[in-house]
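Structure record follows, encoded as structure tokens.
The chains carry the letters A, B and C, assigned in the order they are written, with residues numbered from 1 in each.
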Amino acid sequence: MKTLGELAHLVGGTLKGDPQTPIRGINALENARPDELSFLTPKHYSQRKDFRCRAAALVVPPSLEHLDYPLLIVDNPLAIFARIAQLFATPPFLAPGIHTTAHIGENVRLEPGVSVGPLAHIGSGSQIAQGCRIYGGVYLGCDVQIGEGSLIYPRVTILDGCQIGNRVIIHSGTVIGSDGFGFAQDELGRHIKIPQMGTVHIDDDVEIGANCTIDRGAFGKTTIQEGTKIDNMVHIAHNVVVGKHCILVAQVGISGSTRLGHHVIMGGQVGVVDHIEIGNRVRVGAKSGVARSVKDGEDISGIPAVPHKEWLRMCASARRLPHFRDELRQMKERIERLEKALQGSEDD
Amino acid sequence: MKTLGELAHLVGGTLKGDPQTPIRGINALENARPDELSFLTPKHYSQRKDFRCRAAALVVPPSLEHLDYPLLIVDNPLAIFARIAQLFATPPFLAPGIHTTAHIGENVRLEPGVSVGPLAHIGSGSQIAQGCRIYGGVYLGCDVQIGEGSLIYPRVTILDGCQIGNRVIIHSGTVIGSDGFGFAQDELGRHIKIPQMGTVHIDDDVEIGANCTIDRGAFGKTTIQEGTKIDNMVHIAHNVVVGKHCILVAQVGISGSTRLGHHVIMGGQVGVVDHIEIGNRVRVGAKSGVARSVKDGEDISGIPAVPHKEWLRMCASARRLPHFRDELRQMKERIERLEKALQGSEDD
Amino acid sequence: MKTLGELAHLVGGTLKGDPQTPIRGINALENARPDELSFLTPKHYSQRKDFRCRAAALVVPPSLEHLDYPLLIVDNPLAIFARIAQLFATPPFLAPGIHTTAHIGENVRLEPGVSVGPLAHIGSGSQIAQGCRIYGGVYLGCDVQIGEGSLIYPRVTILDGCQIGNRVIIHSGTVIGSDGFGFAQDELGRHIKIPQMGTVHIDDDVEIGANCTIDRGAFGKTTIQEGTKIDNMVHIAHNVVVGKHCILVAQVGISGSTRLGHHVIMGGQVGVVDHIEIGNRVRVGAKSGVARSVKDGEDISGIPAVPHKEWLRMCASARRLPHFRDELRQMKERIERLEKALQGSEDD
């Protein structure tokens, strides 16, 4: 439990209301109870000015400071709300210590405060830093390293030699360190496996969704840099580098050796070819297919992807295509009539 | 073993043939043995009128009642065939009772007739209703509830607090209750996790394929309603509502807070943006990208999706595009000639 | 350790350099150490003629035999390099024998040299041929058969009755033998499950990536033929046949009963409808949607897919679409002026 005053102090906001109000949780506007904090955006407010709620107070931006309700006024309400929510959120239950049904290999180093759930597997030579939570059913191969305070959810698989940073979250079903897809062809068109001898590095504060796959490098490593957040079922091929603070929405696929800059955002189901460079702050519309390198700051969409504004115009024109066809035919007829008429007048 | 007469009685069909014929199974037309039932559709029949088979009898619609073969004549042969097949189908082997290598937490309630396979995990406080089959290697978190007669296949993960209805089938590798993908941005463009505090409700008679992901609500819940069938590798984001009796084919992705009505059908690899409403009985063509709300009963296709018939016309026109280009150039030349000719005649 | 001479002899190449040079591994050009072999393609060489490396020797094609460096000259350098790499690559660690925490069912046959890792599950009646490596956390159902020397990575699920050939590699998280997606509809639009009674056959030398799903046949079987290589998150529906030596890149989905010929190549995120035939040596561009059968040797792309060259022209024209619109308008105006002018001249 916190008081409203404590929270305002913690996040540096302006409080309108009783600082002694107890806050025991957070919730969505319509469900918040009298001891819970909620938040209101100008957009929400404009849609229902007569909003009714029972929340103890609302986190709002300065533009809503006139509301007749207990308020915590801050510049970036969603970010502040997220930070407060983190205070009240608790990770899923995991008993402290190493469960008796977990299998721990030889020469494993588990630092203080590490929890390992039932039926988990930690391969020989692995090192798990303090405060990590390795949930039940996790499979870590040999020589895996995990930094401080990371959360590895049930049934994650991290294969031999992969390195995970601090405060990383990896959701269930995700596979880190599977072989990259690399083959040579012989003279008969048969595929000869190129052994995948590299590894995967996941840097600090990365979050990876459920049922993703991140392949190890052919040589060298596949890298996900600091602060990047990856949704469910995203596929990252061998030797890809994803820069810092990127957002990859669900079902994205990035082909081998492609490099993403920092703060890149990709919508759901985007596909990217191999061996290209995506610049910093590039945004790619959902379902796009990126076939060429992209410069810093560009917004692109489509299959193949073109500048987003051009794609919007292309879509609008495409809907008029059947109409164009009719127009073309009509114009042709008019030209023919003109030609005949002119022929006639010249014949005069 | 059933007799043909028993089956005819059970499904309310008209029997042409010996009701004492023993039926020990069902099979495809070309493989059925003399003690197996098969089925024949008018389409199949029209393709090979000289069909040869050894089946004990065929389930057919009234339009095929003239065939000189033992027949079970019903209005909806495929549905009847499916019902009969269910009589003969047996779920994969699972020894009754709780396997000694399974890990069962505290305060777990297992009703009579529940089976739990080897190396499965059931977290504290979970309740499993009668007749459920929890296969080996399943991971259930804490406070999970599963209704009667549900089948949870090997290596399914259902995380804390999720609720599963009666007669639900969930296939291997699927993750229910992973965190939704919700982040706020701070002033430096770093992503701050919004804790995902909701849950997932799966209603009665839902089937979910292999390696799917269904995220928990940010607040509140993500819901899959009664009778909906989901294929493999489908991603359902936080707070989505999928209505009753929908069909979502493989690799579909539905973004956050979007609501699907009842009897919606989506082809494979469809993507749907967040916060929209898809009406009842909407059908979406494979690979489409749905970017706007859709009214009841509409058929849509394309990226972005438009009415299906319009999309067909757009595709046809698109193939003529390079030709349009030529036509445009030719017409321009003709116009130029006309302009010159007219200039000439006016100069006269 | 091998000598350069031994390797040259083994792969039948021409050696330029000291045959006694010890080779202890392989590596990428920029990272290779003095006891490692690397390779150089003409493309790489043309990009950086002043390449500097420390490798013991380079595998090159005859066109680079003039280089002043120890060389192993062969016709197909990448294939030869892959073969040599396989000599040095070792599969991830797995202790020989059956781990005490593995669960082995009744009547399981494990041939000599089979290793089974911690917390793995092998169902009753399964047969595992010699030299197979069943990693920790693998789940095999009942009556599963696996041929010689296959590698089943941690957390693979292979369900009852599926058959896997020799030297097959299956990566983590993949599910083999989940139910196909087959339903009949009743008069109320409810979906009635058609029990999926078939199985899956994976032939020799197939490799399947991480988090794939391969459904069992409705009746009969789903088949992946010899030498085919499948990337991560690929979905293969019931009763599909994938021919020999195909390449399916990540996130491809193949619908039910479709048949692929031999040496088919599909780019990432391709989708294929059900019940069609894809000929031998067909190549499908990334992200395409294949809606019709395709003849041997065709290259296709697009949604829906058309011949690849036509698709390239369509893409080029599509980018000019907004421009077409302007041109059409301008031409219309010119035609109108012509018509007025001609009207005027005729009025004269």
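Throughout what follows, a contact is a pair of C-beta atoms (placed from the backbone, for glycine too) under 8 Å apart; a residue touches a chain by one contact, two chains touch by 3 or more.
Because the structure is a prediction, the values reported are computed rather than measured.
*Asks:* Since chain B and chain C are copies that touch, just let me know if over half of their interface numbering is common to both, same, or not, different.
*Replies:* Different; most numbers are used by only one of chain B and chain C.
*Asks:* Since chain A and chain C share one sequence, what rotation angle in degrees maps the C-alpha trace of one onto the other, as a multiple of 5?
*Replies:* 120
*Asks:* On a C-alpha centroid basis, what's the spacing between chain B and chain C, in Å?
*Replies:* 25
*Asks:* At least two partner chains per residue is the criterion; list those residues in chain B.
*Replies:* Residues 119, 137, 155, 173, 211, 233, 251, 269, 303, 318, 321, 324, 328, 331, 335, 338, 342, 345 of chain B touch two or more partner chains.
*Asks:* So in the complex, the part of chain C that touches chain B is made up of which residues?
*Replies:* 103, 119, 121, 123-124, 137, 139, 141-142, 155, 157, 159-160, 173-175, 178-179, 181, 183-187, 189-195, 197, 211-213, 215, 218-220, 233, 235, 237, 251, 253, 255, 269, 271, 273, 289, 303-304, 306, 310, 313-314, 316-318, 320-321, 324, 327-328, 331, 334-335, 338, 341-342, 345
*Asks:* Name, in rising order, each residue of chain B that touches chain C in their complex.
*Replies:* Chain B reaches chain C through residues 26-28, 31, 76, 78-79, 81-83, 85-86, 88-89, 92-93, 99, 101, 117-119, 136-137, 153-155, 169, 171-173, 207, 209-211, 227, 229, 231-233, 245, 247, 249-251, 263, 268-269, 286-287, 303, 315, 318-319, 321-322, 324-325, 328, 331-332, 335, 338-339, 342, 345-346.
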